[in-house]
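There are two complexes below, and they share subunit A, which is joined by subunit B in the first and by subunit C in the second.
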Partner chain A sequence: MPLQVIGCEVVPQLLARLMAEARVVAPHRRTGADQWAYAEVRDPCEVELEYISTVLPAKKYAFPPVEQLVRYELAERPLMEAVVESEPLVIFGAHPCDIHGLWALDQAFCDVNVDPNYTAHRSGMRIVGVDCVPDEHCFCGSMGTATPAEGFDLFLTVVEGGYLVEIGTEAGAAMLDGLPTQEASAAALAQAKERLARRIQQTTRVSAECHSLPLLLSGLADSEQWGEHATKCYSCGTCNLVCPTCFCFNVIDRMALTLDRGTKEREWDGCMLEEFSKVATGENFREEREDRLRHRFYRKYSYLFTKYGRPYCCGCGRCVRQCLVHIDPVEVLNDLIAEAEGRRS
Partner chain B sequence: MAATCQCEANRQLYVPKLAVLEHITPQTPLETLLQFRFEDGQPLGHRAGQFVEVSLPGIGEAPISIASAPCEDPIFELCVRRVGNVTTALHNLQEGALVGIRGPYGNGFPDEALHGQDVLIVAGGIGLIPVRPLIHHIMCNRFDYGTFTLLYGMKRPEEMLFRDEVEQWQASDAVDLHLTIDRPHPDWSGHVGVITTLFPDLDPDPARTRAVVVGPPIMYRFVILECQNKALADENIILSLERNMKCGVGKCGHCQINNKYVCLDGPVFTYSELKHMWEAI
Partner chain C sequence: MKPRVGMFAFTCCEGCGLAVIECENELLDVLSLIDLVEWREGLSEKANPPELEIALVEGSISTHADEQKLKAIRERAKVLVALGACAHTGGLNALKNRYGMNQVKQMVYGEAGAQFDTIPARPLSAVVPVDLFLPGCPIDRTEFLSVVRDVALGKAPRLPDYPLCVECKKKENVCVFFQGRFCMGPVVRAGCGAICPTHGDGCEACRGLVSHPNEQAHKETLAEHGLKVDEVLMHFNMFNSYQEDQPA
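After this line comes the complex of A and B, so read on.
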């Protein structure tokens, strides 16, 4: 189907239709703050699609902050069963970076040992993406994540009077059935293209091509800059929690107060926390803050990037927006790139 | 589904299977040997060097090496040091108790690489636990291997694990056993000194010898040097690593060393795989 355009007034109609079939979540402005969060849509007319990336990414719906994995009842013979839950959910208004973040989690959770909980959440999920206006922390242009190649059912780009709509899946096409759409005019296509070009230009801020990063980093493990950037780090792990591509977790047992049943649960964890790689005998294999900062960067721009073929950072800037001491991946990368170039010459 | 992944979800990934604790054999004040069998009678189906996640509902899970040889399946053994929540609770169990088991996980020792070769096992402290299945396997299939040397070091004599077996090995011609303790002790008449002090007596054939080294992190650095001094190639030095593990199946990220997951790619690695990884040793 050729690209379509819908008027602004069609958005509430589309939302109302989706809400009749599933829970719909969209970005909401937090009262009294210039911060946004995904939350359930109650009124189709309240949804604003121009927003700065939400504090927590859409990953919280595919990989919730806390989630039950196993339920058990203690008895002479304990009963243990998997808890795998899924509900139809529409994420409305996901930015391209967030969509890429889900792609990253899809690879990690679905390679060997397919994760049942993640796939259950994902299989009930539909995504309507929307393009965005970058703030000073966005760098999707550098990560090649400014446009989602896949991973959406519909994708909306602002054009005069409405939105240009890309249809990603059959389910996406069905969402539009019966709604007033028009074939996109050449002018609308040109506007969308221009808007994207401007966004890519504004968000291309890393001074090397992203596919060169794994190789470039391979010679920089001993750089003093890890230590320099890490001196101000609090090891608070916030950057891990808010990151769309971070997926490490802890597993804990939680007993009910009655002590006759309980659950095995997982909760978000982060490699920036000091305890993360400590073993029971007290040995800590990433004891220093700089070891942990280096690990986080290598995981995003080298290890997982090399394993799955795309960067494990979508350039969303969430980590630096929330970091109390402003440790900025663009700044760290650019310092490292400068060092690599200095070493070569 | 918008996701690229459409695989059939593996519902049971995190669900343990029940096993019955059939027998308890205390080893030292800190370690005890627990013998299990799955309630449904199914074999564990492991290789020497693999581990399981042991689950005690309400308390937690811990990765523990499988201490028995594959040929003893459907009975399998775990030897547990009491250090924290799960391991203490395991020590407090009575025979007949039911525990949850997930696994076996990890790669195990590379039997193809050892077959037909001279084998030198270097075990420090509870490092003897993960190599015990390998020792049993070699002893049972003795003609499949060349010379077989076992170095076992501990801090104090009372820390010795599997004492009966160690005595049998001592009496046997099938293995050249060298024991040592770190410091002199009134109950000890054997060799004294850290495990590397046993190396001057060895004369391995570097072309045929495969070293298997398991012990505390500090031991690796020194034992690797000794192996290299004996002209062993890095790919013939085989190590088993311990890391923090929460899932055992390559998801939680805890066990990662550089670009490897110890629970999937390990815990057994050759030194040639590890030597360029700054987080490994």
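After this line comes the complex of A and C, so read on.
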């Protein structure tokens, strides 16, 4: 099917149709600051698709911050049942970086031990992506995540008077059934191409090719720069929590006061938090801030990159936007790249 | 046998005791776990047994009489839990320690102040060994209930030892600093559900600092957002001004 274009006025119609069948979430502006968050759409006309990234990524729907896994009752015949919930959900307006983030979670949760809770959330989920205008913290151009090759049902790119629509799945094609669309003109295709090129160009740059990062980092575990960058780190875990590709969690037993029933819940955890790598004897494998900072960078740009073939960073810049002490992954990577080049020469 | 529990209050507003009374839906379940035998604020009768399994103590120690009473409670109790900011860090009460005791009495009571016995306010741990603490001003009800359950089960309760920012991020709150105000969250122990930032205020650090706070980074953050040195210290000191080397 050739690429289609829809007018701006068709977007509310598309939303209304989706809302009749599923819960639809889209970015909403938060009061009090120039920040955004995914929230349920109440009125199809209120959705704005021009926004800077949300505080939390779309992962909060596939892997909620707190989630019940197991419910149990202690009786003569004890009961233990898995809690797996799912609902039809449309994420409307996901940026390419967010779509890549979900790809990363898909690998982590479905690679060897398939996670039933995650897959239940994901199987009910449809994605309508939209392209964006980068700000100074975006670096998707360096991570190869500026445009999604897959992982969406529809993807909208702004063109004059409306959106160029890429159809990613059959479900995506069905979303457009009966809506007024027209075949994309050569001019619209050129505009979309130009918009993508400009987006990649505008993003902040990492000063080495992305695929060279794992090898480059392998020689830098002893760099003094980890300590220098970590001096100002709070170890507050903000970068973990807002990261679309971070997936670590802790499981908590919550027994009722009556001691006859309870639940097991998982909640987001993060490798930057001091207790994360503390084990039963009190030993902490990453006791110092710099150990934790280094570990996070190695996870993103080396270990998981090597394992799954793409960086575990989608270049969205959420971590630096939310970091009160401005620890910027691009700056840290560029300092390390400069050191690696210096060591080589 | 259910553990015998007493609740006691020293210098404080007894708001932590009130928070326990407010656990209305859960109080009967709590009483199925413990035997509450002594509590001036919450019980009309008291048993006064010579031995207690658990003593829950709120308030800081700010008179010589308090000191003697607390030592007596410690002798009676197997486990002593400091309840709330006053008992845990000295809380707001320790703000008076920066003045002379005569000056403080004069400021509050005028000439009538001379008759009062007052000494610099201290957290319980400065007077007797404390086994556990429940932070906050006031304590968090949910946390109280889970600690009671754990202690009754003979299990060590776990309090979060990560900054409040974790709870703000999970709730997707807009950072207080980005709203042009100030917050102690990045260095403060979580566990309250970030209640103040969630309702539009900055965190005042009533739960005390995490084990390894990056205080220097936070001083710089506060300064970057426009605070002068003494204003930065005010934020740090409101609930956490007690110093161990202060004279008793």
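Here is the rule we go by: the second predicted complex is superposed on the first by the 339 of 345 C-alpha atoms of A that agree within 3 Å, B and C clash if a C-alpha of one lies under 4 Å from a C-alpha of the other, contacts with A are read in each partner's own complex, and residues count from 1 in each chain.
Note that a residue touches a chain if its C-beta (ideal position, glycine included) is under 8 Å from a C-beta of that chain, and two chains touch if they have at least 3 such contacts.
The model shown is predicted, which means the values in this text are computed figures rather than measured ones.
> Quick check on the superposed pair: does A:A16 touch subunit B, subunit C, both, or neither? Answer first, second, both or neither.
Once the two structures are laid over each other on A, A:A16 reaches no partner at all.
> Mind working out whether A:L49 is in touch with subunit B, subunit C, both or neither, as first, second, both or neither?
So A:L49 meets neither subunit B nor subunit C here.
> Taking the superposition on A as described, I'd like to know which of subunit B and subunit C A:I200 touches: first, second, both or neither.
neither
> Tell me which partner A:M255 touches in the superposition: subunit B (first), subunit C (second), both or neither.
both
> Of subunit B and subunit C, which one touches more residues of subunit A?
Touching more residues of subunit A than the other partner does is B.
> Once chain A of both complexes is superposed, is A:A37 in touch with subunit B (first), subunit C (second), both, or neither?
A:A37 contacts subunit C only, not subunit B.
> According to the stated criteria, A:E81 is in contact with first (subunit B), second (subunit C), both, or neither; which is it?
first
> Name the contact category of A:D115: first (subunit B only), second (subunit C only), both, or neither.
first
> Would you sort A:V279 into first (subunit B), second (subunit C), both or neither based on which partner it touches?
Touch status of A:V279: first partner only.
> Once the structures are superposed on A, label A:Q107 by its partner contacts, choosing first (subunit B), second (subunit C), both or neither.
The first partner, subunit B, only.
> Overlap the subunit B and subunit C contact sets on subunit A and report the shared residues.
Dual-contact residues (subunit A): 255, 259.
> Give every residue of subunit B touching subunit A within the complex, in rising order.
1-16, 18, 39, 55-62, 83-84, 87, 98, 100, 216-217, 242-244, 246-247, 249-254, 256-259, 264, 278-279
> Under the definition above, what is the set of subunit A residues touching subunit B in their complex?
69-70, 72, 74, 77-78, 80-82, 84, 102-103, 106-116, 119-120, 122-127, 150-153, 168-169, 171, 221-222, 247-253, 255, 259, 262, 264, 266, 269, 271, 276-281, 283, 285-286, 291, 295, 298-299, 302-303, 306-307
> Which residues of subunit A touch subunit C in their complex?
Against subunit C, subunit A makes touches at 30-33, 35, 37, 55-56, 60, 65-66, 231-238, 241-242, 254-259, 267-268, 270, 273-275, 289, 322, 324-325.
> Provide the residue numbers of subunit C that touch subunit A in the complex, in ascending order.
Going by the criterion above, the answer is residues 26, 29-30, 32-33, 145-146, 148-149, 153, 161-163, 165-166, 169-170, 172, 174-175, 177-179, 185-187, 210-212, 214, 216-218, 220-221.
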